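Report on the structure given below.
Letters A, B, C, D and E mark the chains as written, and numbering starts fresh at 1 in each.
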Amino acid sequence: MNHPTPPALAVTGATKRFGAVLALDGVDLAVHHGEVLALLGDNGAGKSTLIGCLSGVHKLDGGAIHMDGEPVEITSPTTARAHGIETVYQDLALFDNLDPAANFYAGREVAGPRWLPRGLRYMRRGAMAGVTAEVLSRLQVGIPDTRASVGLMSGGQRQAIAVARAATFASRVVILDEPTAALGVRESRRVLELIRRLRDEGRAIIVISHAMDHVIEMADRAMIMRRGRKVGEVIPHADNRERIVSLIVGGDG
Amino acid sequence: MNHPTPPALAVTGATKRFGAVLALDGVDLAVHHGEVLALLGDNGAGKSTLIGCLSGVHKLDGGAIHMDGEPVEITSPTTARAHGIETVYQDLALFDNLDPAANFYAGREVAGPRWLPRGLRYMRRGAMAGVTAEVLSRLQVGIPDTRASVGLMSGGQRQAIAVARAATFASRVVILDEPTAALGVRESRRVLELIRRLRDEGRAIIVISHAMDHVIEMADRAMIMRRGRKVGEVIPHADNRERIVSLIVGGDG
Amino acid sequence: GDDSNTSNAGSSVLKVGLITKFPVDFYDTMVDAVKKYDAEHADVEVIYGQGKSGTDDEGVIAIIENMITQNVKAIAVTPTSPNVSAALDEAVAAGIKVVLIDNDIPGWTGKSSLVATDNLAGGKLAGTWLAEKVPAGSKIALLQGRLGNPSLDDRIKGFKETFGSKATVVAEPATDCDQTKGLNAAQDILTAHPDVAAIYGACGPPIIGALEAVKAAGRTGNVVVVGFDAAPDELTAITAGDQAASVAQFPAKMGSLGIETAVKAARGETVESVVDTGTEMVTKENVARFS
Amino acid sequence: MADTDNVLAARRPPWRFDAPQLALTTIRIGPGLMLVAVVIAAASLSPVFLTPRNIGNVLSQSAVIAVLALAQLLVIITRGIDLSVGSTLALSAVVGALVFSSTPSGPLVVLAMLATGALVGAVNGTVFVWGRLPHPFIVTLATLSIARGLALWLSGGQPLQGMPQIVRDIGGGSLGWFPYSGFLVAGLALLGLLLTTRLVWGRWIYAVGGNPDGARRAAVPVNRVVISVYVLSGLAAGIGAVITSGRLNGGSPTFGELAELDTIAAVVIGGASFLGGRGTIANALVGALMIGVIRNGMNLLNVDAFLQPIVIGAVIVLAVELDVVRGRVEQRLRVMKAAQT
Amino acid sequence: MADTDNVLAARRPPWRFDAPQLALTTIRIGPGLMLVAVVIAAASLSPVFLTPRNIGNVLSQSAVIAVLALAQLLVIITRGIDLSVGSTLALSAVVGALVFSSTPSGPLVVLAMLATGALVGAVNGTVFVWGRLPHPFIVTLATLSIARGLALWLSGGQPLQGMPQIVRDIGGGSLGWFPYSGFLVAGLALLGLLLTTRLVWGRWIYAVGGNPDGARRAAVPVNRVVISVYVLSGLAAGIGAVITSGRLNGGSPTFGELAELDTIAAVVIGGASFLGGRGTIANALVGALMIGVIRNGMNLLNVDAFLQPIVIGAVIVLAVELDVVRGRVEQRLRVMKAAQT
């Protein structure tokens, strides 16, 4: 693939320490609009840390982030959101005590009037419920009672809600950390379809996954990390599966 | 495979209701010594419920369990353990506040003297730590500090501890509920190797997994469930992968 | 009257209320005296209420309100603090006569009568008495009651007024009228000031605790211990010579005079505005009269 | 609700008689059922209980616990606890009385009480959040002690007499038999209802309690939300001080002793959970009223003072146990209903 | 420890000077450091503080809180709380005094007190477990109220004088300046240490607190373990009653008021967490001693009665805040040490 336009999201020289652990060591990453980038690597390779830095959960110790060619600072989940980046976290980050609509809009409730400080605004609960119901039905997630709290829902339903939430609000970049780990075959397929749809709508997508099948099926490009460094980049295909695995596992694997 | 001896573990007509939900509806399952049985099915198919009934977490509403041809009653985790059945739960069921040895031996602490009630016995902490360290080193799990609590360890290390615990204590049957869901390529391989080793030692193994690659690689036989029923049984192979998937997903998939 | 039988006997029975502060022997003695009066007077029905602690204003107010609801004609009440006066105003407005027992509400004019010990006077009595017993220039310690309780504070204030500067007060911790806290405080005082000559307390329980500390320090009889209330345990200690003295109040007298006054007021008879039930120093010499 | 209903109307089957739904709706009233039971018991044991005058008494006797419970509920929804409410109430009352002794201005006195409460709450919240304490138990236990000490020190240990007319009206006045403090509680409850169900901030309170880490990642201002509930709890203690001072026409350092246990009990009777994220304004009110009704009933029935704590303890545990049973029945009904569809 | 060391010795590098390790070991003493700080402060302010006699006072004054805190620790490790300890102590003391009034047998009186405590604990535990209550707060709040009511009722509200010699010795006797109650606390602490670190039951207590559901699946008898910690807490209240009654030579229904707050504070100062699974016997003792030392020091220094609650509150929150800082430093040292290997 050849990209005349600058990448939707690019990070260069990303470095991050936790105490004495060097979790990221000068990593470069770029993803374009309409592209699915798979982020691969063994447990502890630094994948979640890297996307944490892109979604504002962690702050980079070193490195620069550009969006559509412009330098940006991502210092908090709020700034990430403001830049149109949405994330599905490994632990889903759902509110078990709230219903799907409240989960969808947590932290960005539709409310007014505008002249009031955000916290004091009156929520448009109908509007929020409406959009949520529509998105979930488009995703064909069978949720019998949309007003039940998500804590009562099955693992598959919960993952679907988290994915749908990110899909709805990302204007530019969607990041998914192992979005199909707990899903069955059918549910995984739906998520893969959704990712493809988002790509076709021009969003840039970063997916972390340990499932090589899924990576081969959906990713336009794969970037492999080991011990906090980028160790390779390939176009995933059934033919170079072994090569990818050996990049992940490293020389001693 | 032809088995002249009775299965290590067999359940016939397993039925289980949660309120109005019929989670299991007359399921038969049998696994032999030296065999790996994969239990497949989509989210909510009833897999965890079925193995819950075999490990004493749930009580069957109907059906019978036989071990090596003898009828047995499994009414609690204690009776399951007494029958030599060990389980790796989907949520790992680790004690984050305790060290690996305490996790290994939780509920079956090595302690004496024998004439005292179990709770009042003095623990042989050295013996427990020794076995634990040995097992973990055999599994090549890199755990820097074996006296740290497992809550501080990475997802991969935690899963390895849970799997090793079951492997150590199962005399007859090991049940694993999605043991590689959170694992990277290298860690998954280790677990697959461990499963093969357990099989070679004559243990009967039931594995739940959504990762078709792993199933094909390790399972001698696969049993597929859908909506609380058994819908098929196949010898998994790269060639019948599509068939398995369509059994999982069902006619409407 | 016997409340179980005659409570519905019609207008000839006069319904009056007695409210006491909280469950301790002092108020039990008072309540017992009133119950005796109740049993002896068929034309009077007494209903009872009690708070949870010596400072339970809220509880006492709730009881006052409930008694108004139940149409009592008079209330005899031991006010926990001036704060209950607003509720008592309501009672007066509803035509109920109010008699204060045990202590006054300074400046509150709604009462028909006050039947009480003057706690300030009691404290003065103790101060005068102790000033004669300790050598000039010695050290003494005071065990306060519960901070914020006016009658307890008065006992300390009155004591200081008459005791003057005969001796130095080296410590005056609050004990919440709690036995254990009295013991702990006395232990610490005797450790920090082994030569302390006397201990005076605003209530009985901490004094009982303090006696244990004095005993453990081997100074029984050597430290002059003076309490307030002359509770049964104190009387025992005075008889045994462990405690020197205590200021006695007369709760039974307060109770019977209090209820009698309330009944009179409710019947429209004239009552004295102050009935002083008096205080008296109890010492080894006269303790037999109190036991 | 109305909005939601419109949107979902299309996908709903037309109304038909629906026994499980009906049972479910009834049983969801939850702790309210227990309150009704207690009221019926009290009314049948005492003829005076249901007189307007006594109802007025119950309301004014419960008003302070109710106000404190409304705010304690918010604290508990965020997984917290505020042990300092009773002492803060005392401190606010004393400050109010002192202000009154130097100025006759009613509004100034009220303002001083509210500000004192909010200030203690702000200390609780900021020390907890910025000190990264593992649990608010410790800091609010400390302010329990400190606020009481300050109240004693400022007042010289004396109850201080006198409050401006506006305070006396709020605490002791009534419209017919209905106490003004009852209106105040109702007003605050409505505000609480607005906050918890309609305003963004209220939604955030639940989000923080349900998943603090998730809330942070969802760009909810978690620290500010947590601090705010302690400020509101302190403010409620200030309002409680206004009511108490008005009722008692003065401020005393002994006000509000053990109020923390009453308010927490009210909130928990109302079905909130220490694990956070759960609980409603209506049920917290029910819990406060339940305690008030039991106390009042025992006074009316002239229950022995020694027995009162026994009865209260027993009724509290019974109410919660009944709610556990109710919850399990609700669960069963829910499953039955799900099975229908 | 010894056994573990043997097994792991093979894989350890030979000893060498190891600064982070040394710092780590020092800082792990944890809350003990804070106690040392408080003791140094008290000793430098009052010359009497470190005299044997005063140390004896501190020990006997802290004994009851210490005993209660040892058991409260076990309760808190299982994610629970026991609010009823103070009232249970009072009830046990009253029962003991009543038994003494009808039999002079010392052992019988002690037995009656212990049995009363254990019984209340058993009620707490079984109602919580079998009633499937969401949190032990409620049932122990109820028994707080009920036990106090029973104590008042049984005693007629009167303090009851007199205790057998054995009880008086336990509570008030001493060997030289060292109080017998200090030996009792030490003995119980050793038992607690044995239980929590060496016996299977203790391991189960931590397992239940760390992961109740996992414990159930690991065939740990969770319900019995939970009930047992409440029984032990009740038993501790019985022992506390023996000490208090012995010190005061009698039993009074007002004993132990607010003891629950003191004991919970001691346990939390000692670093235990309401989230369960964490906390040690040694640190709970440290917490109890810390409270005892502060109170004693203030009495010795004749700190104004009004100021005492303020100082206590401030010192408690400071101690916990320092422990938070200490914990973060420890974390950093741990990382540094991991980086070395």
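By our rule, a contact is a pair of C-beta atoms (placed from the backbone, for glycine too) under 8 Å apart; a residue touches a chain by one contact, two chains touch by 3 or more.
All figures in this text were calculated on a predicted structure; none of them were measured in a lab.
Path length between subunit B and subunit E in the chain contact graph, taken as the least number of steps between touching chains: 1.
Following the contact convention of this document, A, E is the list of chains adjacent to both subunit B and subunit D. Summarising the inter-chain layout, the chain whose CA centre lies farthest from the centre of subunit E is A. Comparing the contact residues of subunit D and subunit E by number shows a mostly shared set, over half of all numbers used being common to the two copies. Just count the C-beta contacts per chain pair and the biggest one is D-E.
Per-chain CA centroids place subunit A at a distance of 48 Å from subunit E.
Between subunit D and subunit E the centroid-to-centroid distance comes to 31 Å (mean Cα coordinates, whole Å). Computed from the mean C-alpha positions, the centre of subunit C lies at a distance of 35 Å from the centre of subunit D.
If you average the CA atoms of subunit A and of subunit C, the two centres end up 73 Å from each other. Chain contacts: subunit E has residues 152, 157, 305-306, 308, 338 touching two or more partner chains.
In subunit C, the positions touching at least two other chains are 23, 147.
Residues of subunit A in contact with two or more other chains: none. Within the complex formed with subunit C, the residues of subunit E that make contact are 46, 48, 51, 53-54, 57, 60-61, 64, 152, 156-159, 161, 172, 244, 247-250, 252-255, 257, 295-296, 299-300, 302, 305-306, 308. Every residue of subunit B that touches subunit E in the complex is listed here, in rising order: 55, 57, 76-78, 81, 87, 89, 93-98, 101-102, 106-109, 111, 118-127, 129-130, 133, 144-147. Residues of subunit D that touch subunit E in their complex: 83, 127, 131-135, 137-139, 141-146, 148-150, 152-153, 157, 261, 264-265, 268-269, 273-274, 304-314, 316-317, 320-321, 324.
Contact residues on subunit E toward subunit B in their complex (touch as defined above): 1-4, 6-8, 11, 198-201, 203-204, 206-207, 209-211, 213-221, 276-278, 338, 341. The residues of subunit B lying in touch with subunit A in their complex are 41-45, 154-156, 178, 181-188, 210-213, 245, 248-249, 253.
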